[in-house]
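Presented sequentially are two complexes of chain A, the first with chain B as partner and the second with chain C.
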Partner chain A sequence: MRKIREKIFEILIKMLTLFSVLILAFVVIFIFKESLTFFKEVSLLKFITGRRWNPLGPPEELSILNIIWGTVYVSLVAIAIALPIGIGTAVVLSCYTNRNVKRLIRGIVDILAGVPSVIYGFVGLLVVVKFFEVNLSLASGESVLSGGIVLSVMLLPFIVSTCDESMEKIYREYSQSSRALGVSKSYMIRNLLLPASKRSILASVVLALGRGMGETMAVMMVIGNASIIPRLLGKAQTIPSLIALEMGMAEVGSLHYHALIASGFVLMIMLLIINGLLYVIKNRMDI
Partner chain B sequence: MKKRVSLLISILLVLILLVVGCSKGSSNIDNGQAGDNVEENTEYKTQITFAGSSTLAPVMSSIATDFIEGYSTWDKVDSSFPEKDIIIYVSAGGSGAGVKAVIEGTSDFGMLARDIKDEEVEKIGDAKIYKLGVDALTISINPENPLHKVKDNLTSEEIKKIFAGEYKYWDEVESSLPHEEIVVVIRDLGGGAHEVFQNAIMGDTQVREDAIQAPSMGALVTKIIENKNAIGYASFGMVNQNEGKLIPLKVDGVEPTKETIVDGSYKISRPLIVVKKGELNPLQKAFMDVVMSEKGAQIIEEMGYVPAF
Partner chain C sequence: MREKLKDSVFKIWIGLSTSLVFIVVVYIFLYIFINGAGSINGEFLFSAPKGMPIGSEGGIFPAIVGSLLLMVIACAFASILAISTAIYLVFYCTSEKVKRLIHLIIQCMSGVPSIILGLFGYTLLVLHLGFGRSLISGGITLGVMIFPYIQVRVEKTLIEVDKAVITSSYALGVSKVYTLFKLIFPMCKFDIVSAITLAGGFAIGAAAPVILTAAVIFAPVPESIFSPVMALPFHLYILTGEGISLEKAYGTALVLMLILLVINIISVILNFTRKEHE
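Let's look at the complex of A and B:
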């Protein structure tokens, strides 16, 4: 009797797992199949190395190199801003706070992750973009930098929670020994804690990169959505914002429509690679 | 004992998950069955769905709300109709999505804020097209921009040069203006609004590549209100709603007013269209009659567009 139950349980659990794997497979296959129609007309190489995106034509030019750069650029700028802040926060959380304060700060940082991205976009549009226009006398404040600033706030929680987890472990392990040796706390953090958590910091960067590249709404509202070669203070376009912006209007079945799905395919491949990277890093981290 | 209970609980949880996992599929079937039942009883379904243009969606949902509040059940509209609640869904997702929904049958009506293309009519097959109104795109600037004091008129040629990036600074448009960069704001290149602008003004010339693409008409208008060097094609309805916050200019000497838009002398305009595949059932017809009536026209006008009937 017990054995049968055990068996049923096992089968059920396995089926559920299969289900979630199938969902991923289904999404990948669907996107691949839909973009195949496009790649029959335009080669993949031309699609990702060409610079012009002009769906209206004629001639219709559908290449997304500038947009791929824009996607990566905005995320990198965001990480460059968020990383020092995030690591600092994680250090404070793991070494300088007692439990209650820690819980409070963690809660607040986690709320940051829960704020809808359209709100960030809105604040970004009215505060960051406006600030650039008024103070930097840019003609228009929509830029990679403002996208990066808005995005950095959204990535902060990911960096903090990934780093904090392993930093706390390391701190607990070594704090007593280093205190016994008489080294100061800051010396320990600089020479022991930070080097030892190198890998988790790297993992958080990769996680944030993946998260940032997929962000749509907030970025779309503040980067100007012009598919030109991205510069720090110039406008840019990212793949998710391109899809969100044009999918509703593209005529179903047209080359433009399939090009948008194909750009989604490229984004997905990029994210799969990043997730693979994250997996490798995490695996090594445990050893 | 404890183990058994926990095993039981986990099996239960799994079962619940399974049921939840299936709910999407099975609810579809339910809907289908419900639809069939209704058809058996009354021969037509009592739900009407609209999908498409985000310009037209608020208009339709406003008319629908009025309609539902006025009648609440179908039999009050006409005694031969079933005694069922009136349900009208309106969802916005762009003109292209509206046509897609009609072709695929996911929605009864599609809403478009541009002319329907011949290929689209072909794909739908038996298409019924209703023209509800006209929306015009005004060439608008920020009130702080001195341009409108110097001259309130731009020729098509000048607009084309501004949007194509041939004029980069305002003093190139009019020498008395300050040497400041022109900020061009457009809607997404593939969208209905841009298509109208492209056809009416740009022709084969491309818009400058670094123009800001606003994700919605609201965002475009906000950009013009916020940035004193901005110029963009704000819709006539939006300009009326934000009177004084942005200044519409004359195009080729024609001011965008209701009269000039309806008689076609103002050139940058687009029709607001509702499209349906196949014949309307009596319920759908009853609703569309209200949309095309005086009452519908009044709401279209309130929303800032110009009724076409």
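Let's look at the complex of A and C:
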């Protein structure tokens, strides 16, 4: 009797595990299969090099180069803003704080990571976008720059925690010997710690890039969603916001519908490449 | 002299960065709390949205219930699968290759953005399986999203259980299932529940998957798992995006933040209880 119960439990656990792994693999395969239908009609090259997105036609034109640029552009702007702040905070966190302060700062950064993206979008729309409209007298404050600013706040926690982890290790390794040599703390950080954590900073940039490119709500609410060539102070469109906005309206089975899935596929491939890069960087880091 | 200048610039830089992080967090919280506090009252919390366009008057009760139900379904779905996978990897899996493969798949999955999961949920659950925009479609999609999050934490907890306890238990002839249920689960229960709670907070704030799979602009409190629902993040998006009512939007944002606060406090308390037990 006991043997049977053991066996049943083991089989149950195995089946549930198999089920979960299959679901995860299935997501990728499913998106791939659904976008194949689209690539039979429009070539992949045309899809990612053409500039016009006009699903309502006529003529129906479905190419997403502008939107790919928009996706990358917003993330790069966000990283450019978040990186100096993130590294600065990580330095303070790893070298200038005792245990309690460390816990406080980590708590604050965790809170930042826990705020839902729609809240960032909401505050971004009411504060950042409005600020641009009032102070720069732009026709519309919805722009790549607003998207970048909002996104940068969301990426900060990733940058801080990735950098802090390795900086703390390096600091512990060298702080005593450099203090014994009479080197000041700030000199040691500038000339030893920061160069030594180059790789983890790079890793944090790549991680943030992946996160930023996949972000939907916060970006969608502040960039204006127009699929034109993105400029810093102009509107733009990103792949996630394109999907979120148009999927519900696209007629099921139409070319538009499949084009949206295909753009999801393109995003997934880009993120897969980025994650592969991250994997390589992290592996090299340990050696 | 130059060294001194560099030193000051460096110190100003790191000081400013850290203060900026503080200021941003405090600003976001104060902004929402101060602006939202005025719109929260009994009517707002416990009545359905009214007015023309819908949402400009009345409350957000169906959205609160909808969001909580979505969270519960997502947590139930994800935690059954995640805990099973963790148990399999720690206690049953003997092949290193299989272990590495499963870890790789889970790691890849945690990098997939939520909108792609929404796309998946929309095409498969909503359209192909015919669930429609419903509680169940949204719950499962969110469940897939938080699965890696729970799995990684539960597995870490299970690995950290003292190996000596497990071997002694086996040595005494106690079966694996009995060891798991009577010995290991009681030891890890606070950690596991805390992981699930945090994942629930993650799910309740996610809007992207819900837009495509579950949420509609107006629905009453759902009657079955196949009914469409309202959700707080989506409601907030509609209220601001369509410019319906800023006052209600502030209130909705504050309610969402308060729910998250409660969830986080619960998980902190769980962590404390665990430490006292040790």
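General observations
By definition in this document, the second predicted complex is superposed on the first by the 263 of 287 C-alpha atoms of A that agree within 3 Å, B and C clash if a C-alpha of one lies under 4 Å from a C-alpha of the other, contacts with A are read in each partner's own complex, and residues count from 1 in each chain.
Note that a contact is a pair of C-beta atoms (placed from the backbone, for glycine too) under 8 Å apart; a residue touches a chain by one contact, two chains touch by 3 or more.
Note that the structure is predicted; figures quoted are calculated from it, not measured.
Considered on the superposed chain A, chain B and chain C are sterically incompatible, since they clash.
After overlaying the two complexes on the shared chain, residue contacts for A:208 are found with neither chain B nor chain C. Of the two partner chains, chain C is the only one touched by A:91; chain B is not.
In the superposition on chain A, contact of A:224 is made with chain B only, not with chain C. Looking at the shared chain after the overlay, A:9 reaches both chain B and chain C. When the shared chain is aligned, chain C comes close enough to touch A:111, but chain B does not. Set side by side, chain B and chain C differ in how many residues of chain A they touch, and the one touching more is C.
In the superposed model, A:17 makes contact with chain C only, not with chain B. Using the contact criterion defined above for the overlaid structures, shared-chain residue A:235 touches chain B, although it does not reach chain C. In the superposed model, A:186 makes contact with chain C only, not with chain B. When the two complexes are overlaid on their common chain A, residue A:54 makes contact with chain B while staying clear of chain C. Of the stretches 115-123, 241-249 or 259-267 listed for chain C, only 241-249 runs into chain B once the two complexes are overlaid on chain A.
Residues 5, 9, 12-13, 16, 19, 125-126, 221, 244, 247-248, 252 of chain A contact both chain B in one complex and chain C in the other. For chain C in complex with chain A, the residues that touch the partner chain are 3, 6-7, 10-11, 13-18, 20-22, 24-25, 28, 31-32, 80-82, 84-85, 87-89, 92, 102, 105-106, 108-109, 111-120, 122-124, 127, 144, 147, 151, 175-177, 201-202, 204-208, 211-212, 233, 236-237, 240-241, 246, 249, 253, 256-257, 260, 264. Contacts from chain A toward chain C in the complex involve residues 2, 5-6, 9-10, 12-14, 16-17, 19-21, 23-25, 27-28, 30-31, 34, 84-89, 91-93, 96, 105, 108-109, 111-112, 114-123, 125-127, 153, 156, 160, 184, 186-187, 189-190, 210, 213-217, 221, 240, 243-244, 247-248, 252, 260-261, 264, 267-268, 271-272, 275. The touching residues of chain B, when paired with chain A in their complex, are 7, 10-11, 14-15, 17-18, 21, 54, 93-97, 99-100, 103-104, 117, 119-120, 123, 180-183, 188-192, 194-195, 198, 204, 206, 209-215, 219, 222, 226-227, 229-230.
By the touch criterion stated above, chain A contacts chain B in their complex at residues 5, 8-9, 12-13, 15-16, 19, 54-56, 58, 125-126, 129-130, 133, 139-140, 142, 220-221, 224-228, 234-235, 237, 241, 244-253, 256-257.
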